[in-house]
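Before we start, here is the structure in question, set down as C-alpha cells.
Letters are used for the chains, namely A, B, C, D, E and F, taken in the order the chains are written, and counting of residues starts over at 1 for each.
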Amino acid sequence: MQYWYFLTALTLISALMVVLSKNPIHSVLYLVFTFFCISGHYVLLNAQFLMAVNIIVYAGAIMVLFLFVIMMLDLRRNAPESKSTLTKIAGVVTGGTLLVIFIAGTKNMSLGEVGNSYNSQTGMVENLGQLLYKGYLLPFELVSILFFVAMVGAVMLGKREAGERNF
Amino acid sequence: MKLSNKTKVLEQEEMTLAERMYLPAIAGGMLTTLKHFFQKPVTIRYPEQKRYLGPIYRGQHILKKDEQGAERCTACGLCAVACPAEAISMVAEERKKGEEHLYREEKYAKVYEINMLRCIFCGLCEEACPKQAIFLRHDKMVPVFNSRDEVIFGKDKLVENMDDRYLREGWK
Amino acid sequence: MEITSTVFTAKAIYVGVIFAITLGVAAYSTYFERIFAAFFQDRVGPDRAGPMGILQPLADAVKMFMKEDFIPSNASKWLFITGPCLSMFTALMTSAVIPFGDTVDFGNGLRFDLQGIDVNIGILWVFGVVSLGVYGILVGGWASNNKYSLLGAIRAASQNISYELAMGLSIICILMMTGSLSTKAIVEAQQNGHWNILYQPAGFILFIICAFAECNRTPFDLPECETELIGGYHTEYSSMKLGFYLFAEYINMFISGAVMATLYFGGYDYPFYDVVNDAWGTNIANFIGFGALIGKALLFVFVFMWVRWTLPRFRYDQLMNLGWTGLIPIAMFNVVWTGLSILLPTSFNLPSWGSIGVSWIGIPVLIAGLFVYHAVVGGKKKKVALAR
Amino acid sequence: MTNEQIAQDLVSKFGEDKIYGIVENYGLLNVTTSVDTIVPLLHYLYQHPTFKFQFLTDLGGIHFPDAVGQELGVIYHLHSLENNVRLIIKLYVPIESPVVPTITKLYAAADWMEREAFDFYGILFEGHPNLKRILNTDDMDYHPMRKEYPMEDATRQDKIDALFGR
Amino acid sequence: MSDVALVSSPNVGIAKPEESKKYVNELTTLNLGPTHPATHGIFQNILTMDGETIIDSEQTVGYIHRAFEKIAERRPLYQITTLTDRMNYCSSPINNMGWHMTVEKLLGIEVPKRAQYMRVIMMELARIADHIICNSILAVDTGAMTGFLYVMQWRENIYEIYEELCGARLTTNMGRFGGMERDFSAEAIRKIKHFLSEFPKALREFESMVKRNRIFMDRTIGVGGISGERALNYGFTGPNLRAAGIDYDVRAMNPYSSYEDFEFDVPVGTTGDTYDRFLVRGEEMWQSLRIIQQAMDNLPEGPYHADAPHYYLPPKQEVYRNMEALIYHFKIVMGEIDAPVGEVYHSVEGGNGELGFYLVSDGGRTPYRLKFRRPCYIYYQAFPEMIKGSTLSDAIITMSSMNVIAGELDT
Amino acid sequence: MSDRTIKTVEAPQGLEGQGFFAAKLDDLVGLARANSLWPLPFATSCCGIEFMATMASHYDLARFGAERISFSARQADVLMVMGTIAKKMAPVVKQVYLQMAEPRWVMAVGACASSGGVFDTYSVLQGIDRIIPVDVYVPGCPPRPEQILDGFMQIQELAKTEQRRRRESPEYKALLNSYGIE
C-alpha cells in the first residue's frame, strides 16, 4: 500500500503542476510524468500490458506530438496574452459547476470492499486478448473504423492545396 | 545553346528498380568501404615519419655562405623589394678592412631580419637574389611560435652554420 | 518465488554488471568508431593516448568532466540539465528486459536468470522506453534556446515517431511466430538454430532500418547532422552533459544491437550449444551464450559504424516519405506474408523447412510487387516532375 | 561580324556624339559612351538580331583623378556568346555627381557588380534595388579604391619603411 | 534615343514573391553563417523560413575581403602572382597562368610550345584538384564522409606534382612571364604518369559510391536548379552554366595556351540542378585526364620559357658573370620592365568558370587598374533564387555544389 | 617505413609502487586534455584547404585525439583560425572565442591569421592577436600540414603543462581583460 500512496501523491502533485505551471512546455512535461505515475498504478494492478501501451501511446507518441506543436508555436516566447475578465468569469463558473457536480456525485458514494473479486491475472496480455477478440470483437472493430476515419480526416486536413509546393 | 562542336550531353538516367530499392547501391558502397577497411593506411605518422618534401620545397630561409665561410649577401635589397609581403628588412653596411673572411662582397647586411609570420614563402626573394645568398631550405620548415616576440628571425637564425651546411641537389 | 535477500543481491550484482558492460561497451564504442572510421578511410585513427590509443575514451571522459560546464543565459536551466539525463536514463533502462543468458544454476536450488526482469510484455517495454528516448533530445534541444537545436529536436521527434510504426509492425511478425511478448519466450523459441532471421528476412531488414532511425545514426542522423545543424540538439551543450548525449547514442546502439540479436539472431543461442553443454555443463554453456549475445550485439554495433562511414544522409522529407510510404506498407505486407508462412505449412502438412521457404518466397514476391508499382506509378511521377 | 561592323552600326544608330573613343585593344573593341545613352545602348545590343550581346561578363569602376569632369568611369564587358565577340563599353562621370543608371533590369548579374563599383568607387547607380556596400564593412566612410586613399592598414607595426623603392 | 525599346531581358519577367499572398504560418529567420560548417566559414545567409522551407534569403559577403585590386595597383606585375594564387586557392595554377597569359598578351611575348603544354598539364591538374574538392565536399555535405577521403588522397598526389615543379603545395606561385620557371623533372613526369594511371580507379570508386546511390540522387536531383536562360542572365560560367545546358567553355571558344591542339568534350547537363553540376564536374575530371594524357604523349621538346631577356629572369650563373644579364635581372626584380600603355582583357577557364583579368596599364611598374572577373562572385548572387522554396538541407548542398570559393568571392 | 615506433603519451611523473600508482591530478587532467583536443576549424581561406589535407588520410589529425571536428563553439577546445580575418570578420571571431567553454586554446594558422601576411590592406585585420589571445602561431602561407600538426602538438604541450587552476588565476583574468573580455 505504501507504493500506492506514494504514487498517488506523485500523480496528484504532477497533475496539479500541469495546470499550475506557467510555461506550456513544463505543463506538457508534467503531463508526461502524470502518465508515468498512472502507468505505475497499472503495474500495481498487475496490468503490465496497459502500462506499456499507456507509455507507448500517450507518453511516447501523443505527448511528443504535443510538445512538438507547442515548441513550434513557442518560438518567440512572448508573454501569455492577458485574459479578459469575461473569460475569467466563464472559467470560474465552469469550474465551480464541475466542482459542485463532483461533490454531489461523491457524497453518496460508499467505499466497497476491494480485493475480494480482484483477479491478479485480469490485466495479463492473454486475458486481455481473449476478451477483446472474443467478447468485445464488434466494439473493437468499430473503434478501429473510428480511428481509420479520424486518420483519413487528419490526412485530408494536412494535405496541402493542389499547386502548392509540397517540398 | 550550342556554342562549340565539342558538346557532350550528360543525361540524368532514370533510376532502375534496383536503384530505387536503395539496398543494392548501399551494399555496393559498403563493399567499397570494406575493401578499404583491409587496406593499408596511407597515413604518414608525422612526427616520427617525415614526408618527402620535394627537391625545391620552399621552407625556412637561409643566408648562404661561400666555401670560405664568407657571407654571400651584399645587401643590395632586391629580395626586400621583391617581397610581396614586405617581410624582409635589412640595414646595409660597408665592409671594413679585415672582414674579408666574413663577407664576400664589399657591402654586407648588418641587420637582416625576416618576419616569419609575414612571410608567405613564395620564393620570390630567392629568385631575386643576384648573389645566390638567400635560399628557402627544402629540408626544414619554420617552427611554430608561442609568442609574437619570437617571430622575427635575425641573422643569428638565418645565416648558414658552416658545420651543418645546406646543400640543394635539386634545381638551381 | 519470494524475494529473498540472496536473489535480491544477485539481481543487484547482475544489474551492476550489465550497467558496467553497457557503459564500457559504449565508452569503447567511441574509440572503436574512431578506429573503424580511420580504417574505412585509409587512416590510422587515434594512436597516441596509450598503446594503440586505447586510453582515448578515458582522455575524452576526463577532459569532458574537467571542461567548463556552460549553461547559456537564455536557456531554460532545469530542462537544459534534464535533457541529457533523460537521454542517458532511457538509454540504460532498455537493457532490463533483454535476456543476456539462460538460467544459471548455482547449486543448492539457487537458480538465477541472466535477465533483469522477465515481464510478460518484455518487447513492449523495449518499445515503450525507446519511444521515450526522444524526450531527452526534445527537451534538451528546446531548452538550449537555439534555432538549430530546436530544428534538430523537432526532426528527432518526428523521425522517431514515424519509424516506431514500422518498427512495431516488424516486431508484430515476431510476436505472431512466437505467440508471446516476453523476450525470454522469444529467445527460447529460437533455440537450436531456429533463428528468426531465417523466417523473417524482410522483417529483419525493416527492423534494422528502423533501429538506425531510432538511434539517429547515419543515414538518419538528421537531428544532429554536422553540416546542416552544427550538431543539432546538442549544439549548445558542453562538458559532460554533451558527454551524456554522445554516450547515450552509443548505449542505444549497443542495446539495439542486443535487441536485434534477441529478436532475430537467437539471443544467447549459438551453434554447438549442446556439445558445450554436454562437455562442460550448463553453466559454462550459458556463460558462453552470454558472450555470444554480447558478440552479436557488438557485430551490430560494427554494422552501425560501417553504414555511418559509407552512406550519405536523407533529407527530412525523404526520410518521412521512406518511413510512411515505403517501410510501413512493406511492413504490412510482411505481416500478411508471415501469417501465410505460419498457416500454409500447417494446413498443407509441409515439412519444417516449409515455413522458411514460404518466408523467403515473400522477398521475390515483394520485389515483383515493387516492380509493378514502379512500372505503373514510377512513370507517372516522372511525368509530373517534368510538367512542373 | 567584325568589330568594324559593330562600331559602324552603333555610330549610325546612336550618332557620333554619343559613341566615340572607338579603339581596338588586342582585338577587343572599346567604345565610350555617355551616361544617358548607356541603357538604350545596352538594350539595343541585347536585342539586336545578329549581335546578341546577352552576356554581361564584367562591370567595374575606374578612377582617373587627373581627368577633370571625367574622374570616375564604369567599364562594361559584354560578350556575344553566339558570335563569340566581346565588346567593352566605357563611360565617364564627374566625381562630384557620379550618377549612372543601373542595368540590373537587363542583367541580373549586374546587381553585385554595381554594388561593388559603388563600394569601391562611390559610383551611384540610379534605380539599383539595393545599393549598399558589399565587400567592405557598412560603417566605412570612404571609397577605398579611389586613388587618393592608401592601401596599407594604418595599424601595422612590424614594418620598417625606410627601404628601397617602397 | 527613345526609339530603342527597353524590353526582352529574361530578367524583366521575373516576379518577386507576391506581396499579397499571406503566409499564415509563422516565419522564422535562421542565420546561416558566417561560421556555419557548410558555408566553409565565409559568408552569411539570413534565411527566412517557414518550418524548414526557405521563403527568402539575404546574403552578406565580404568576410574575407582583402582588397586584391587595391594591392594590385601597388605591386609590380610579377608580384601579382602571389595574389592570384590566393584567389581560387583550390586551383591556383590556373589563376597564375591566366595572369601570366594576360601580361604576355600585353607585352607581346610568344610562349614556346613546350611551355604551353606544360601549362595545360598544370592547369588541368589544378582543375581536377578543384573539382575533386567540390564534388567530394558535396558528398560530405550530404553525409558521406568516406568518399571524400578516398579522392583527397589523390589530391595529395597532385600537390606532390606541384611540389616537384615549384616547391609549394597550394599557393604555388607557379610559372613566370614567358613560360615556366623550371622544366619537368624526371620525378615530376613519373608522378604525372602515376597519377594518370591510378587516379581513374579512385575516381571510379568514388563515383560508384555516390553517383547511382538513390539517397544521393534523391538529395541532389531537382535541387537548386536554374534554367539556362536565367543562368546566362546571372552571368554564370563554368561547370555551373554548363550544368544548365549551355556549353560555354573558354577553352573551346577562345582557345589559349594551345588548347586547340587537344581533343576533349565539353560536358553539359540538362536541368541545371545539383546532380547535373555534380555530373558535369565529374565528367570534366575525365576530360581533364584525357587532355593531360594527350599533352603528356605529345609533349614537345624545346625550351620551357620564351627567349625574352627583358621579361624573363636570366639564369643565376649568367647574372653573376654577365653585365647585361645583371642589368636585366635588376630591372625585372625592381619591376621596371617596359610595359606598354594599353588595356588588355584575357580570360581563362578557371575551376569555376571564366576567370578574367582586365588590366589597364599606364606604362608604369604597377598596373593602373586590374579588375579580376571572379566567376564565384558573379554567380553566387543567384543563390537566393536557386534555393527559394526548398528546404534547409537543399540550400546547403546547393551551396556546396556551386563551389563558392571564399577567396574568389571576396578577393 | 622503417621507423614504426609511435610516440605514445608517457605516463605522468608519480609515485609508483606495488599495485598502486599515484600521480598529480593536474598532470592526469593535463594529459587527458592534451589527448582529447577537439578543434574548431575557423577556416576562411587557403589554410582551410590545407586543414582539410591535415584531416584527410595522409596526415590524419585524428591520431592526436582530435577526431571530432566540432563546429559548435561550446564543445571545442582549440580554436584554429585559418585564413585571412578581415575587419568585417573580426567581431565574429571574437564572438566564437567568447562562446567557447574553458579551457580554450587558440591557434593562429598561417600568415594571414597570425599577422595579416601579404595582405597589408585597409580591410584585413593584422593578426588575430589584436582581438583574442593566441597561444600558438603557425607560420606559412599556407603552412604545410606538417606545420599545422606541429602547432597542434605545441597546443598539446601547453595543455599538458597547464595548471588546472590557471584559468582562474589573476594573470589569466588580466590577459583576458587586456582584450576587453569579461
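Structure notes:
Just so it is clear, contacts are C-beta pairs under 8 Å (C-beta built on N, C-alpha and C of every residue); 3 or more make two chains touch, one makes a residue touch a chain.
Remember, it's a predicted structure, so these values are computed and weren't measured experimentally.
In summary, the chains found to touch both subunit D and subunit E are B, F. The chain pair with more C-beta contacts between its two chains, of B-E and D-F, is B-E. Centroid distances built from C-alpha atoms place D farthest away from subunit C.
Annotation: 37 Å between the Cα-based centres of subunit C and subunit F. Put simply, the C-alpha centre of subunit B and that of subunit D have 39 angstrom between them. Between the Cα centres of subunit C and subunit D there is a gap of 63 Å. Our note on geometry: subunit A versus subunit B, Cα centroid distance of 70 Å, whole angstroms. Multi-chain contact residues, meaning those touching two or more other chains, occur in subunit A at positions 72, 75, 167. Residue positions 1, 3, 20-21, 26, 29, 32-33, 36, 41-43, 45, 53, 81, 84-86, 115, 118, 120-122 of subunit B are each in touch with at least two other chains. Residue positions of subunit F with contacts to 2 or more other chains are 6-7, 57-58, 60, 63, 71, 88, 115-116, 118, 120-124, 141, 144. Those residues of subunit B lying in contact with subunit E across their complex are 1-4, 6-12, 15, 19-22, 25-26, 28-29, 32-33, 36, 42, 52-58, 78, 81-82, 84-85, 120-124, 127-128, 130-132, 136, 138, 170-172.
Taken together, the subunit F residues at the contact with subunit C in this complex read 6-9, 28-29, 31-36, 57, 60, 62-65, 67, 69-72, 74-75, 77, 101-103, 164.
Residue ranges of subunit C in contact with subunit B, taken from their complex: 36, 38-44, 47, 205, 306-307, 309-311, 367, 370-371, 374, 378, 382. Listed in rising order, the residues of subunit B touching subunit D in the complex are 1, 3, 77, 80-81, 86, 89-90, 115, 118, 152.
Interface of subunit E with subunit B (complex): residues 75, 78-79, 81-83, 85, 146, 150, 153, 160, 163-164, 166-168, 171, 173, 181-182, 185, 187, 205, 208-210, 212-215, 217, 221, 228, 245-249, 252-253, 264-271, 275-276, 279-280, 283, 313, 316, 319-320, 326, 329-330, 333-335.
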